[in-house]
């Protein structure tokens, strides 16, 4: 047997996800670490997301002739290399000078969908240029001023974003103890670059004689979703759904997709693991819209499990920030390669030659 | 995004509950730490209380327009700002020179019900003055001498206490290993200030030729509850109920409320988590009396869970002693603010604009 | 409130069981520690015994007038102060110079049944004299030579032992890793004092061309039990039963009691927690014989749980060795006092004034 | 009682499995440690294998007269001393200069079946000579070149191997993080000695415009199994089965045995514990073929549990590498003795005088 081979052209900087995370956080300030790594409250939900995948059982199926494994799929009709994507996050500029453009370029090159947020440090146009032919979505936070929303949606369309991920689980920021303890602050050197006038979600309600008042951003209702449909031709994907009832309403209000998400455990501590609620939600909506999931996805086999249980694709978040921090665009590219290979191996080992073959019996629910 | 904001007027001394506890216990003697933090026996019940909340699942409901969140409710007909209250405890003077008056003043100012115990270090009258217009309850331990009880009840009514929390789970003190190991002792500088003649619960039975004898305080029966009703016009709330059968008897004997409580895990080690027995108890008594709960409540979402599962309000204990120790009245005020904001956020994230909207589907029982 | 009281006449050497254990093992050699504390194999069963009690739920019942609590009961018709007893063990002389006589004297004084083993370091006669009027049982290992058994049984009867606990779960010694690692050895200074000619259980089988041979001691069958009944008038209590089938056979073969026991986790690693199998066994034999249990009992509430689930009494083992090591007879007396008070408190807190009131609803099985 | 005896002729170097492992890995390089000890991914499956055995409950049955215990059985009609065998592994030469021959000799002497792999560092002929009269199996990885396979099978038959263990769970190597982190590499001083031209499984797929290509070795299908049956008269045992469906196909394709295996947790992280899927698989195939299991077997009682739940025999892996590393042939011999005695003790304690008496009631499934 030859000496250990390294994939050609891949910087041997990190071999495993654990190493990537360790190296990333080692160089971060406590504040940045608290911001990226932390979740809401006691991090019950943050922990549940991972535990649900760790407990999932996957069954190998053997002798199925897996000389080729094809992980390609489509998302809202657009081809992608793999059924995972970069979840929308915020403030990439706090992690690497290239900010969102590094992720945009690496994802585009890899044929992977990437989503970028309202609170990006680079403008939509910069991200669009970096992404080039790549598939990209724009994540929208409700804005009190509809003109701001309209401008964002128009610019997103013009900059080549092909869908709007509408975040609905942040009427107010979750109470994030680890972040509060670390004292994370965005200073002027890391501005929100998306647009002037954009307002981030409210940090906490204010007490008005015993009634807690939230900014207008928190007043969003299902009618707002209807209005958004009027404001853009881009398909809407509602992000932050955890119940079948809300999933059905998304379909009724014309969304073309939902992300089963608890915001990476950063919003309502106590919310269920996304994997745990996925099957019932997928059953509830059937093929009326596409169902995605994020929260706790780290390994190729996690992608497989989510697909077996009803997701069309899954979002991955924090690992891309680790990779961005460790190596900018090339770090992200390397992580993408690792995750692709991990998925390909998981498919081969379960006898799934294509995404369509990732059927429920590959990872049935516990009885 | 602007630099991290702090709520105006709030001392930035502690940002999170974990920090509060750490700072409080760091300055305490091992004896005081053992007394406050410890539970009975191997602390199985102490741990269960927290675990039950940690395992509860809460479901966000989105796009419900939560620009205002109103946590106000009534307890025995009296308005309060929030559905949580300060549980009755003892010996506040061992923790801060202001003792119970600091909590009374802060809770009153915040519109929060506070309960004070038979073993208070300040007199009922002092506490009443500090509370002013605030809602306050008096916690009563059975006294062998009915005259002592009568005097306490009369003074409580005169001092503006509006209900009597009758503790029934301490016929004898629980066997508290951590406290025994720490060697906690109340010396003469921290007297029971409530009243002369008050006797604390028996520390342990004495062996009388093989039969263990307890002081008369342990002889309380349901008839004692009937007698109490004759001794005061104040409503009785029975504290320390863990079974539907006992809850029903409370209703039959004229109590107007019960506290589902295991005395913070300090009495019978092995008793169930209060959250685990709440739903069956709430079903058993229906609307014949108000059902409260204490034990392990730490976060806003815990309040929400208890309400979703049948409680009208919940008591919080040890955190108020931490806050008292760290900052006296202003420490307590700060913790009250944190907990209120935590609750308001939890309500907003679950789409509950009022307490009435905290319905069972927000946190259904595990199947 | 007065300063912390200590029970009069009780050496304040240790306040809690945890402190007792820590102090005992701190002075022991690794070999002795491994022998006493260790279990078989990976100590799965040792751990299960404790976990089963730690997970048991106990329900307080309030306002039942518990001014007196009476833990007395009878075992095979003989009155005892409490429904717990000293389990038979071995080699007490390795722990304290007074060996078994210290336990015999302390248990007798406290009105507590004590059982002493075939592998005692003191003779049956010495133990009998130390026990005086105390209730005592003799534990018998099968002996290849019936004459040795006969002599032991006769001497036990003559020395005032009132029942024979017949150990049936040691055809061969369990594979005790921690003991093997510690290298425990009984040297000539700690002889088996019970009788000349007594043979301990075989340490391991010998390989005879692929078939493993055990000494004649391992050949015991149910017929041996019948023969034992002919050899003594003392009632037989079969120790080491873990299945309903074997329990029924004990009744059929004339035993008057059984001990549901896995030998303190020292024999078959993988055997169930005794508490877990108790209810089914108790149901299987009904009142045809008395059912006892040992394994993992440490607290008063553990005694209560076992009685609620079908045991008439429970044996306690290792804690008596800790107490013997720390303080000889007075150490044992002190531990007996602590455990009695712990039981009395548990009874008071569950509203059980007598042992008869420890009914199944006090600690129902999990559903 | 005499001083602690050691079995005659057994080197007292290690007394327990834990000591053996600790001593072995202490002398290994991080790379070798990562290779041997590690599993795939986050080692969920590696951990499950052990947990499943740790949670199995085993019931003693008493007074059954176990003066002799006979663990002998047959595998594919050939007599063996015990129902456990040495699982096929790889690269023994990296651990001890004697490589596979040390295990072959020790297993043969002990009457224990040993399996040797395609990636052995010694040739089939050398292993055969070292094994002598001992029962041995040859493990085959699919080779792209059928001529290579044919040559291996012919040489295996000629060298006295009596069955072929066909590995089917390695179309591609699992993603082994711990191994990757350690940097394990086989250099030229540790060649694969089995045969020239042998190719190890592919380390990872290569990306071919989005489709991942695996070497021809990964293309194996059930038809390949049929072809193998034509290439050799030796019985085929398919290794790496985890579902009833695949087990049934093995029977349909003429295999005479299967090994329920997840490759020691080294292939698909997320695969179930082998013990958990064993009963359903055993029921599915009935007596159409022999069912073996490996993965997590460490103790005699583990062997017993697997047999009670449907296995005819079980494979043991890593412990043999520890023993090989610590003491070469004599280390392996010593471990074999320990495991045999452990099994004999477990049989005696459950009243099983023969393998046939290891019935399901000895270790029933949890309800």
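Letters A, B, C and D name the chains as they come in the text, with residue numbers starting at 1 for each one.
By our rule, a residue touches a chain if its C-beta (ideal position, glycine included) is under 8 Å from a C-beta of that chain, and two chains touch if they have at least 3 such contacts.
Please read these numbers as outputs of a predicted model, since none were measured by experiment.
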For subunit A and subunit D, chains touching each: none
Same or different contact residues where subunit D meets its copy subunit C, judged by the half mark: different
Angle, in degrees to the nearest 5, of the Cα rotation that carries subunit B onto subunit C: 90
Inter-centroid spacing, subunit D versus subunit C (mean Cα positions, whole Å): 41
Mean-CA-position distance for subunit D and subunit B (Å): 58
Of all residues in subunit A, the ones touching two or more other chains: none
Graph class of chain-chain contacts, one of line, ring, star, complete, other: ring
Pairwise chain contacts, counting only pairs that touch as defined: A-B, A-D, B-C, C-D
Residue ranges of subunit B in contact with subunit C within the complex: 41-42, 44, 119, 168-169, 171-175, 177, 180-181, 183-187, 192, 200, 203-205, 207-208, 210-216, 218-222, 224-225, 238, 240-243, 245-246, 249, 262, 267-272
Subunit D residues within the subunit C interface of the complex: 1-5, 7, 15-19, 54-72, 81, 111, 298-301, 305, 337, 340-342, 344-346, 348-350, 363
